[in-house]
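So, here come the structures, one by one.
One chain, chain A, appears in both complexes that follow, with chain B as partner in the first and chain C in the second.
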Partner chain A sequence: MALTRTTSGERWRIRPDGPDKVTGKLAYLTDMYQEGMLIGRVLRSPHPHAGIVSIRTDKAKRIPGVHAVITHADVPGMNRFGIVNPDQPVLCEDRVRYIGDAIAAVAAETQEIAALALESIEVEYVLLPVVDDPAFAQTKQAPRLHPGGNVLHRNQYGHGEVGKGFAKCKHIVEESYSTPRQMHTYMETEGGLFIPEDGGRLTVYSPTQHGYKDRMQLARILGLPEFNIRVVSSPIGGSFGGKDELNVQPYGALLALVTGKPVKIHNSRYESVRAGLKRHPMKIKMRTGVDENGRIMAHQVHIVADTGAYATLGAEVLNFAIEHVTGPYTYESVEVEGVSVYTNNGVSGEFRGFGGNQAIFALEGQMDRLAEKLGMDPWEFRLANMRKPEDPGPLGQTIVRTDGAMRTWESLARSPIWLRRHDRRTSEPWIRRGTGAAIAMHGSGLGFGIPDPAGGMLALAEDGKIEAIFGYEEFGQGLIATLELMLIEQFGFGAEDVRIVIGDTDLVPHSGSSTASRATSMMWKSLQKLRGPFLDRMLNEASKLLSQPADNLRIGRGGIWDKSGEHLLLTYALLARNISEEIRFQTHFPFPVSPTKRVGAHYLYTYAAVAVEVEVNVLTGRVKVLKQFHAIAAGPVMNPQGFLGQIEGGSGMAVGFALTEDSLMERGAYLTRNLDTYLIPSYADLNGEIEVHAIEELPEDDDHGPRGVGEIGSVCIAPAISEAVFQATGKRVNKLPIDPELLQETPDFLAKAVDGI
Partner chain B sequence: MINKSLAERRSDKELECEINGQPMSLEVPPTRRLLAILRDDLQLTGTKVSCEIGRCGACMVLVDGRPVNSCLTMAYQCQGKKITTIEGIGQDEVDPIQQCFLEEGGYQCGYCTPGMIVSVKALLDDNRDPGIEDIEEALSGNLCRCTGYGGIVRSVHKAVQLRRNSS
Partner chain C sequence: MASGYEDKIMSPSVWHPRDTTEAWTFKKLLDSDAIYVAGGTLLRTQWESGLAAVPKHLIDLSSIPGLTGIEKKEDSLAIGALTTLGQCRKDPDVLQHSPLLVEAVRSIAASSVRNLATIGGNIVSRVGDSLPVFIVCQAEFEWNTGLSPMTEDASEWVERLQVQLPKASHLLTRVHLPLFRETDLVPKRFGAFHKVGRREAFTPSLVTVAINGGMKPDGKIADIRIAVGGGQTIPHRLVAVEKILKGQIPNRELLGEAYHAVMNGYRPKSDPFATDDYRKKTAANLIITEIWKTYSEWADGGREPDGAY
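Then we have the complex of A and B:
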């Protein structure tokens, strides 16, 4: 059944953060203002690669209204950041490695004075050769961008012998796939307010996907104990992975501490573009062969990822891509190699899908090409090679038994889009229609060997509100709404009984990051663990107060009810006022991991099968996505509106990845600096039909509950569109975004005129 | 030498306009952007800042009922005009358009939402029965990165339906 507002019934609710969002009342952290606050700005390198000879700030410091100009000399702690591998200078000392590298920061009384101060900082550079090609970066002639060389990370996986496998093949497909430098393009650019507090504390109001991680990194940079820093990090105007790493926080924090005044920073769009993360452009070479029966005998993959100037999570993204270039299939032999290479091309990092998008585009492209060679239906070909529920995961690791691949495959095979795929009629001769499909399994959680803590807290507050307290962030995905609905459905509270507390390190426990499609899953598990003890204690306290056995009582909307549910006996406010000891329970546990010791390997997967119907205008070369069908197997749906929104939103973003989005660079400089040339999909691009089917059933022995769906909607669209374009035009796509020139045809009448017929 | 008349022209002038029904008199340079006046001078932060080149629509407001990007509008262009921001829509009770966005889930992070609602308001105030192309045109200047427009399409269609039924 399609997931819609109607089919969701009462589970489709107005989000608790909705009213303030539609009225503009919600104060984002970049909307904050404080009397007397200064404006912070960052001086960034105009060169993609240069040595710094000198930095002179005296002129800038003399400008009236300038309160501070800081350089690397003013960083009290470690002058580096990076979630896993801190190799990015907060403020560069002697060298810049990309066009957004920070050299100095200023705090001034107005925007205008701050801008003047930036212009007055004198930096002398000596230009160095620009490394803008990952292939060149790996050669001996290339300048070394980091002490360890230009390779950030190399990894591989394999089983069987591909040499022997290829020897058995009837058909072999060899292709090289390229993917774009996609930009997150959150509508709210990076920023925040940084307030020095009494007692040497600092409050940071700035979006991030993991408040505690920012706190740890800032403490390291500022040379302060973590406890002295409070990070308030929600609400957020979009992130998609892009605000996971530190961005403006170090500068705001340093300037606030140096000046002793509140400092506000809010990036302009171009500053966001030049300084911010992008999706790793990857070149993925694949050689895949099948025997005469259509069984895949050998699959050989080579991945080169352009990680840009600094690491952030580049190594982890590459590991994820290596894990996802094999997908839900079995192979007689596999050999995967990958390398993530430093260049002067901005900074690539974490982005929704996390390397899966690139890997699955390439892999599914191979599947369609092999099916064509075999003369097989592409969907049947996938079935013939599909993994079985008990099979190990893509890295040979033990995973939770799952029939998600088969269930999504079947759902798509029955979908209306797929059933009418052979009908290619269009209204005009220059319009071609085609249908394509793709399937994927996508890991959730950070993977084996990476600290991945989870947990949360439930408390009865003094005013009688039930507080659900989690260290997760709300960047639009609907986490607050999901949590509220879980508390209503699984505990029996009313929405008005509940207060959700997130995004503030002074208030919340360590819950791990809001990344990797993990937060919903971990909130559910936390509540499962907290439910028994919390409700028992509530009922026991109520039992004492009411002098009734706890067995006669039940939890309900507004308070404690008699067993029949007819009489409200005690409100939560009264209960809270009359208990002797606080009711507060906390749980802490790690995200489930595979017993197989391979770093990064996942244990829980979600599955998607996606079909799209497109129209190609062969005069303009433009592709329009008319219809989409998504079958998603991610366990029970916790919040239908949120689930649908994640699939629609993830897929919309992937339509951009496939058709229009690329942060173009030339010799390390961005050519696409704003939304006039960097084109994300608009309303008219995405108002086609979209149908989402949630496959909620899990195998009986699966007690891991709901999986997150933040990323799964974004990984199958590009290969499905590419196949649909092939069906429509007969042209194979191996490079994204699809170049309209590839699809343009000379109209018949022109050909006739030239031929003189 | 500084051209005196030019210097005078560039000095702060009294801007007389109406913002959300309230007459305002503001000392601002004629070239100050309306976006800065709203967000920085008046702390009306429901109007959002995002691309600042008139492409994303996060800063959309109504000037005499017409949708404009406040990032591209200067103070002198607002002289004597009636300006409506998101704060001026549904002041007493939620506007039916806002209600449609709430019910259909036409937002996620919410950062584009004020501008989106302003554009829909402009459309429906002007056109009681817009067709698909009218809607596409009206929302061509508003970008959303979260929803893939699914919820927005449903919200707008519902708001259009309500408008039709009310007329």
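Then we have the complex of A and C:
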């Protein structure tokens, strides 16, 4: 079904957090303020690679208005962070590995004094050779950036023998694909307010995608028990993976504890660019061959990911890329290997799509090139090699039976964009039009072998509100709206009956992270589990109070109604006041995983098939995306507006990935230091029509319900645009963002006059 | 607070001159410690990025009366230097008489910036996207030099910029933008403005081109001015290209010659965001295509020139 405001009917609702956001009324965590608070700033390395000879803070400490200057010597606990692999110094001891590395932090009474204090810290460096190329980093000549060497992680997958497979091939396509260092570019830069509380507790108001994980990491750094720290992590002004790892929290927390005063830190855009995570640039070499019937006989892949100075989730991103370079196809033989390499190029980490975007750009590029060699329609070629519903997953693992690939394929094949793909008419001879398409399967959840807890809580609060309590965060994706709609539709409550409690470790249960397209799935599943016990208990309590059998009662808007729904018998407020014992139910369960023991392998997948129509102006080489069609198979749509928002938003980011975005670096330093040179798409770049078809049906035996769609909208756009550009210009793209120079032509009317001169 | 630190954390003083002469006097007195500020939109980005230090003194020009607004004269528009880009874009006279300027202004930054940024600021930045239009339209810039007002042709001004920085105390007060009319001798006027950036809007320019020309009844180009800029390139005329085209009827060969003259004549300033070759090809493609379009329209008008396709 085409998902629109109209087709959604009453399910299209104004999101509860919407009005305050668009009017600017909402105070984000980084807008918070407290009387007497200090301003925190971090001194970061100006060098991408250097040894630290000495750090002298005396001058800075003497400045009136400076309350604290801290270095590594002031970190009471573990001076390292990293969600899985804590290898990043909170404050560097003897070496810096990227231009954002932190050396000292100050707390001062004003911004200006804090800035002056930073300038007054004397650090003596000895410069070390910069490792800015992942290929060089793997050589013996390269300086070792970490004790274990420059390889963060290596992994592989394979089945069959590619040597034999290639021998059977009629056509072989070999290509090397490169992808950019994309930046998350959330509107709200990293920051927070850190407040020391009575009893030695600390409250951290700072955006993150997993409050409990931040709490665990901060406890480790501060040498405090976890329960001494409260992390309030929502609402967030955008994250996209970029605030999943710790950023300013260690400094704010340390400074607050050292000074005993509230401390606020809020990164400028410059500091955010310099210190923050980016998408892993990858070089993916692929060699893929087909026999004369168009069956893929062999697929050989080599991935090199530039993970930058520290690990964060670099290993997991590489695993995800390895899993997604094969996609929804079957192969006679596959050989994939990948390596994630340390360099002095900033820090790469988690980002919407999580390594899938790079993998799928390369894989789908191969599919289009092979189809061309075979003289086949590229969409038919994909069908000929498509996985069957009962086939194992891309890593040979058992997965939930799924026909998403076929369903999205069919939907796209019938789409208006695809049906008119041969119409190339344009207004001017130097404008060329083309249509391209891509398909992908994308895993959700963290994957096998990685703790991936889920759960939630329902309670009837003292004031009669139904509280839905989850450890997730709202960062714009529409989680609050989705949860509210689930409670209305699945429980029969009114919007005004419910209160949503999220993003506060003092109040919420462990629900796992708001990442990996998992939150919607896990909220749905939690509510499924809680619904029966919670409603039964409510009705039983009501039955006692009303002296009526529970069978005669029903849950409804505002309270307990008679079975017919004509009379409101008991408001939730009255029920809450008169119950004998608190009504509160909690559930805990892990995200479903494959029985196949392969670390990172996924069990649940979503599917997307995307077609785009582009125009290329060959005078300038610039590409304009005109229209997009997305078929998404992700189970039932929980919140149409949120679903559409995620697909459109993900697509917008992917247009940037394909056409404009790259954090350019030179010798480990960013050349694109602000949003005047790092260009995300503007409205004018994204004003083309986007049609989204949601395929909601799941196979009968699939009881996993809705899947998250936070990432799936962003993974097919780049390959689809690349193919559309090829159709328009005859030129193959293997590097993103697309370089307009590649597409430039001398106008036809001049060709003869200009040729050969 | 102890002494020694105040200096480093003080905000700049802001001066509000009552007229241009007072502004000029402030500047003369404070010299390199002061800077003129109009909208401040570009300066702000330079301060933030560390490209320029925040000076000790800001001379706020927005308090000076009489420097804003657009006045239609007999043969020109007089545009006050403090007129915002937003006002320029919506001004009825500019809309009617200078589509090139409208197009150029539309391509600069975004509306929130255009509401603050001034046309004068765009010009004195030396790389503003309005400059190529002023160059090809033979605009005159009127300056307060402290003594008597001085006017200078836009293209002469940018030519001078190629060799030396302008006097920092000179204060741009007004732009005189001549209006071009179609006449019996030159019945067709043509012009174009293109800005190519790395995205569709609110983008720094890689290549900016402006063309202003006239065609005689016989299809010969009566007059033509072409200017190119983009990025940190100070816009300049392509005199050699103008020479090739002037007095000629554009045909394939001539356009080819002009194409190469653009490639050779355009001197873009390098940056990491596009190669010089890309900029040159883009400028050549856009300029030559505009001439070709003009010529084709003329040819389609039923008149068959010699040496046509």
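Note that the second predicted complex is superposed on the first by the 749 of 757 C-alpha atoms of A that agree within 3 Å, B and C clash if a C-alpha of one lies under 4 Å from a C-alpha of the other, contacts with A are read in each partner's own complex, and residues count from 1 in each chain.
Convention: contacts are C-beta pairs under 8 Å (C-beta built on N, C-alpha and C of every residue); 3 or more make two chains touch, one makes a residue touch a chain.
In this text the structure is predicted, and so the values were computed from the model without any measurement.
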item	value
First (chain B), second (chain C), both or neither touched by A:Ile113	second
Contacts of A:Thr746 with chain B and chain C, given as first, second, both or neither	second
Superposed model, chain A: greater residue contact from chain B or chain C	B
Partner chain in contact with A:Thr505 - chain B first, chain C second, else both or neither	neither
Which superposed partner A:Asn674 touches (first chain B, second chain C, both, neither)	both
Touching partner for A:Ile63 - first (chain B), second (chain C), both, neither	second
Contacts of A:Ser682 with chain B and chain C, given as first, second, both or neither	both
Partner chain in contact with A:Asn79 - chain B first, chain C second, else both or neither	neither
First, second, both or neither for A:Tyr33, with chain B first and chain C second	first
Set of chain A residues, in rising order, touched by both chain B and chain C	268, 674, 676, 681-684
In the complex, chain A residues that touch chain C	63-65, 110, 112-113, 115-116, 119, 268, 270, 430, 618-622, 624, 659-660, 664, 666, 671, 673-674, 676-677, 679, 681-685, 740-741, 744, 746-747, 749-750, 752-754, 757
Touching residues (chain side chain A, partner chain B) in the complex	5, 12, 14-15, 17-28, 31, 33, 184-189, 235-238, 240, 266, 268-269, 475-478, 641, 644-645, 648-653, 655, 674-676, 680-684, 686-687, 690
Touching residues on chain C, where the partner in the complex is chain A	1-2, 5, 8-9, 45, 48-49, 110, 196-204, 207, 252-253, 255-257, 259-260, 272-275, 277-278, 281-282, 285-286, 288-289, 292, 309
Partner chain A, residues of chain B touching it in the complex	39, 43, 45-53, 55-56, 58, 85-87, 89-90, 94, 98, 101-105, 107-114, 117, 132, 135-136, 139-140, 142-154
